[in-house]
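Following are the structures in question.
Each of the next two complexes has subunit A plus one more chain, namely subunit B in the first and subunit C in the second.
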Partner chain A sequence: MQGNSVAVRLRTLSKRFGNVVAVDDIDLDVIAGEFFAMLGPSGSGKTTMLRLIAGFELPSAGTIELAGRDVSTDPPFARDINTVFRDYALFPHMNVAKNVEYGLKVKKVAKALRKERVEEALASVRLDTYGGRKPNQLSGGQRQRVALARALVNKPSVLLLDEPLGALDLKLREEMQVELKQIQQQVGITFIFVTHDQGEALSMADRVAVFNNGRIEQVGTPTEIYEHPATEFVAGFVGTANVWPEADGLFTIRPERINFGVRADADVHAEGRVTDVFFLGSTTRYRVVLSDNRQMVIEVPNTGSSATIAAGDTVQASWRRDECRRIGSIEVSHQTIIN
Partner chain B sequence: MTPSRPSRFSIRRTIARFFAHHRWARLTGLLSGPLLWLLVAYIGALAALLVTSLYHDETDSSGVITVRVTDLALDNYHRLLDVPVYRDVAMRTIVAATAVTVIDLVIALPVAFFMAKVASTKSRRRLVIAVTMPLWAGYLVKGYAWRAMLNPEAGLIKKTFGSTPGYGMAGSVITLAYLWLPYMVIPIYAGLDRLGNSLLEASSDLGAKTWRTTRSVILPLIFPSIVAGSIFTFSLTLGDFYVNRIFGGKTQFIGNTIYNNFSANLPFAAAYATVPIAIMVAYLLSARATGALEEL
Partner chain C sequence: MFISRGARVALRIFTGLTLLVLYFPLAYVARLSIATSRGFSWPPSGFTTTAWSDTWNSESARDALGHSLTIALAASVVALVLGSLAASALTRFSFFGRNTVNLMIVLPIALPGIVTGIAFNSGFEQLGVSLSTFTLVVAHATFCIVIVFNNMSARMRQLPASLEEASADLGADQLQTFIYVRLPLLMTSLLAGGLLAFALSFDEIIVTTFTADSGYQTLPIWIFQNMFRDKSVPLVNVMATFVVVVMMLPVYLAQRLTEWASGSRS
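Let's turn to the complex of A and B:
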């Protein structure tokens, strides 16, 4: 990270479309040089946020500052920001090199320098030899990288990415996650990344903002978001969570922190009946109804040696009390929450 | 037992199975009607036109009766190339068709852009109806309405603005531009509708202002739509005769010349009718030669 200066500062930012409030009174600071993810289900306002920052939408209220300068009402071409679009938005009538060159040409960068920067940008996304191709002659992953090169060649202070990996198949998506992260570290540009995929957000981002109904539910590092969800929504949306109410609030424990049988260091035990079994490859997920009628999800790694548990079996479950977290409390809960 | 109960051996099933297994039968069923129409009424008429253009009319020895000589000869074509007035009429018609096309293009581009990219989905539908609505009214009614409006003495335009372009070539061009405008707006609207908003946003995002985006992104991408629209405005003007008849006075368009020769010299009228066809072929070839049609 390049110090702690703020790249993007949002204050009381709101956007309404008619009666619909898409973005609702958001305050947020994105630090220069960080890989920031905006995570949320569709309709949660994360894409509208991105469009507000890019300048495709104007805020109904509030301000957007870029490196300390108020750009709230500036048009997109006046903002030092570039965007990688969800559908890539490559110009179909221009070849790859012309697409990448477009921003430089518009800004009247000298021809020799343009050529050099285009080559450099294409090399950085490993498409050096593809300059002469048309977008429709490329695969989805290649188009994605052209879109990235076309944005990065302008050396913006902030790069916005709108679900850039959404259209790729799983294998390619995982490769691109690694590549994006590497590129971000090389160029040191602030990346703001919109996604509905919690795995993507957790694995790539330095910090994550979880969106719901136009509001931010929580901002934090992936570990904080996962281990200490601030709201029930965050607990449920980021990963799978067992959540139940107690006298002093909601409590949650992750399915992989619960064991079958009696674990030596566990201090909570319960008995239940397995209702459903989902084989997930590296793990198996079980739905269990405890003797007090509470539903619980338990996930165990597939080591190949574990005894098979089937639906209908009666099982013992155990876990550690200090792995139950009270929602909203950052400190680990030590309260008795069961029995 | 119900008589209409479907059985395995019902006649409808047998027919359906026959069609399912015989591709040629499906295609014959689908296309024989339209193909017959195309061959007889469409290509047939065109062929008759071309053949007729190679005939010529001769007055017999008495000087009263005209007979059609059906020996094939290029006499009519020599005549339309050699006689200056026929070249002038063709040139005048091309100029008018170009003017009509340019006027329609200049009007249609912003209108279609508004319809496709600015208007709400609801008003978009209304605008499409509004743009095509003049097509519901008769051609003659609209022609005479413009004649009344352009009347140099008492027309609405004279009364409102103090002066009027009047009749003649200007009146013809204005009226034709009005008549064919929907044929330009609709293809361009369709082209802009297909053009993703994200392309416009990407251009703006990369630093381009409105004019740059128009020049570098919008116009190249809707060029095929512009060509499609201009084929309508251009060819409809080339083929029109009535508007110029009620406006043009003595100056003729290709259509008037053909019309005037119908009874007097049908073979020559047929030969002259190939002129707009030749112009359109040349026009399309030049549009293709720009390479912008294959770019996409």
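Let's turn to the complex of A and C:
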């Protein structure tokens, strides 16, 4: 990593489409070399953000800086950024090697060097022998890797990835998550990754920005986002959260921090009735109505030794008060700008 | 789909009859063009190439062929340029009145040729433009554009916008994107549209009659004017055969190109 230098700096960035504000007055710094995730539901503005950074859309207001240079109005081909598209956007009339070579060819890199770099890039995504294939002869996962090689071969300062794993099945998606993370660490390029999948964002990113309605609700490490949600939206969108109001604000606790029965170190106890049971494999999730009518979600690991609890059962629940977080109590979670 | 044996036989016979009705006259004319028997007499007999060499040596026939080729070529080129540009604009941008413009471009193919012909004839007269090769090309281009436009917009709508974005993203300027990405992907539709436009213009007669100067003959007009002269009938048979062959080629190629393009898409 290149110290703490800023790779992408956004200031008061806005994008309007007619009356719709897709991106609303965003300030954000992405640090060079980090794996940064933009997380949010569809329509939250994260893809528009990506398109603004890539140059496919021009901002309605505000600025975009790349490594200290203002590129707000530059066309895509003048920005040192490459993109992995959601549909991969491989050129159907070119074979894999020609697809990967494209960026070097249009930039008039010498032919011998081109060949070398293409082979290197294909090897890095384990597609060395696929150079002669056409995109329609590849599986989804292979196309995804070609798209990655085609972008990385240009050695951009920033790589944008627009829901790159969305079209893959679950097993492949998990493999690619590991692979993407490894590739990012090898090449050391700043990755900005757009996703609506909170698990993907938490497991892969160094930092996550949570988007809602064109605005950033919170920026932070996965742990910060999960443990100290800055807003009710973040608490609910990232993982599952129990949220309730108290005199000095909204409080939240994660379902897995609540235990059935009486735990020795717990200082909050409650009684309730189980209304629903969801078996999730490694855990079981229970909906419980407490005696004060509060709805709670409790998640318990399936260790095989715990007694079975069924809907309708009356249960004891307990947790530690310091596991409850007041929403927005942590100041660091609002930090979108690096000083 | 299940079809009973009887229905299958009936369908086969019907298909065969249809094709026979369509193609027997063409085959008959082709046979006549190399027959020693005169006129449209039945059955044709004998074999000679006299009619073919006579036609080859007929100056009016050669002129007419030359005119038709020139006009078809010019009209196709005009249609290719304008039709592609129109398709490009209408598929890429949405603007007020887009559907109206779309309809207005496509409409000439549905208008009866005689209406188009009269409209052009009086239009040119009002403007004081004398009828010439130019007026013919303009008139032919109006319906040739439709073919190119339809072919191109169908293909352009299939091309995802992300391909052009990917090209720009990888560092290609607009010209490079056009040459390396857009043009190769549109090439088959461009060729197919051009070939069909050429075929359409080549055998057009109604609009041509109204927009050609008197005495200026395109091939269809030459055939029409000669088929009732006994002496010219053999030449007409030859020309008709020739036109059938010339027309089949571009249409066949256009069809193959379209098939090939849709087969090679991912």
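In the analysis below, the second predicted complex is superposed on the first by the 330 of 339 C-alpha atoms of A that agree within 3 Å, B and C clash if a C-alpha of one lies under 4 Å from a C-alpha of the other, contacts with A are read in each partner's own complex, and residues count from 1 in each chain.
Assume a contact is a pair of C-beta atoms (placed from the backbone, for glycine too) under 8 Å apart; a residue touches a chain by one contact, two chains touch by 3 or more.
Keep in mind that this is a model prediction, so the values were computed, not measured.
K.L.:
Report clash or fit for the pair subunit B and subunit C bound to subunit A in the combined superposed model.
P.N.:
Subunit B and subunit C clash in the superposed model.
K.L.:
Is A:309 in contact with subunit B, with subunit C, with both, or with neither (first, second, both, neither)?
P.N.:
After superposition on chain A, A:309 lies in contact with neither partner.
K.L.:
Regarding the shared-chain residue A:135, is it in contact with subunit B (first), subunit C (second), both, or neither?
P.N.:
Touch status of A:135: second partner only.
K.L.:
For A:150, using the defined touch cut-off, is the partner it touches subunit B, subunit C, both, or neither? Pick first, second, both or neither.
P.N.:
A:150: touches subunit B and subunit C.
K.L.:
Which partner does A:187 contact after superposing on A: first (subunit B), second (subunit C), both, neither?
P.N.:
In the superposition, A:187 touches no partner, neither subunit B nor subunit C.
K.L.:
Have a look at where A:268 lands relative to subunit B and subunit C in the superposition and call it first, second, both or neither.
P.N.:
neither
K.L.:
Taking the two structures together, which residues of subunit A meet both subunit B and subunit C?
P.N.:
The answer is residues 54-56, 75-77, 81-83, 85-87, 89-93, 102-103, 106-107, 150-151, 154 of subunit A.
K.L.:
Which residues, counting only subunit B, touch subunit A once they are in their complex?
P.N.:
Within the complex, subunit B touches subunit A at residues 196, 198-199, 201-209, 212, 216-217, 220-221, 295-296.
K.L.:
Which part of subunit A faces subunit B closely enough to touch in the complex?
P.N.:
Of all residues in subunit A, those touching subunit B are 54-56, 75-77, 81-83, 85-87, 89-93, 102-103, 106-107, 150-151, 154.
K.L.:
Under the touch definition given earlier, write down the residues of subunit C that touch subunit A in their complex.
P.N.:
Within the complex, subunit C contacts subunit A at residues 160, 162-163, 165-173, 176, 180-181, 184-185, 264-266.
K.L.:
Using the touch definition from the top, list the residues of subunit A that touch subunit C in their complex.
P.N.:
Per the touch definition, subunit A meets subunit C at residues 54-56, 75-77, 81-83, 85-87, 89-93, 102-103, 105-107, 134-136, 150-151, 154.
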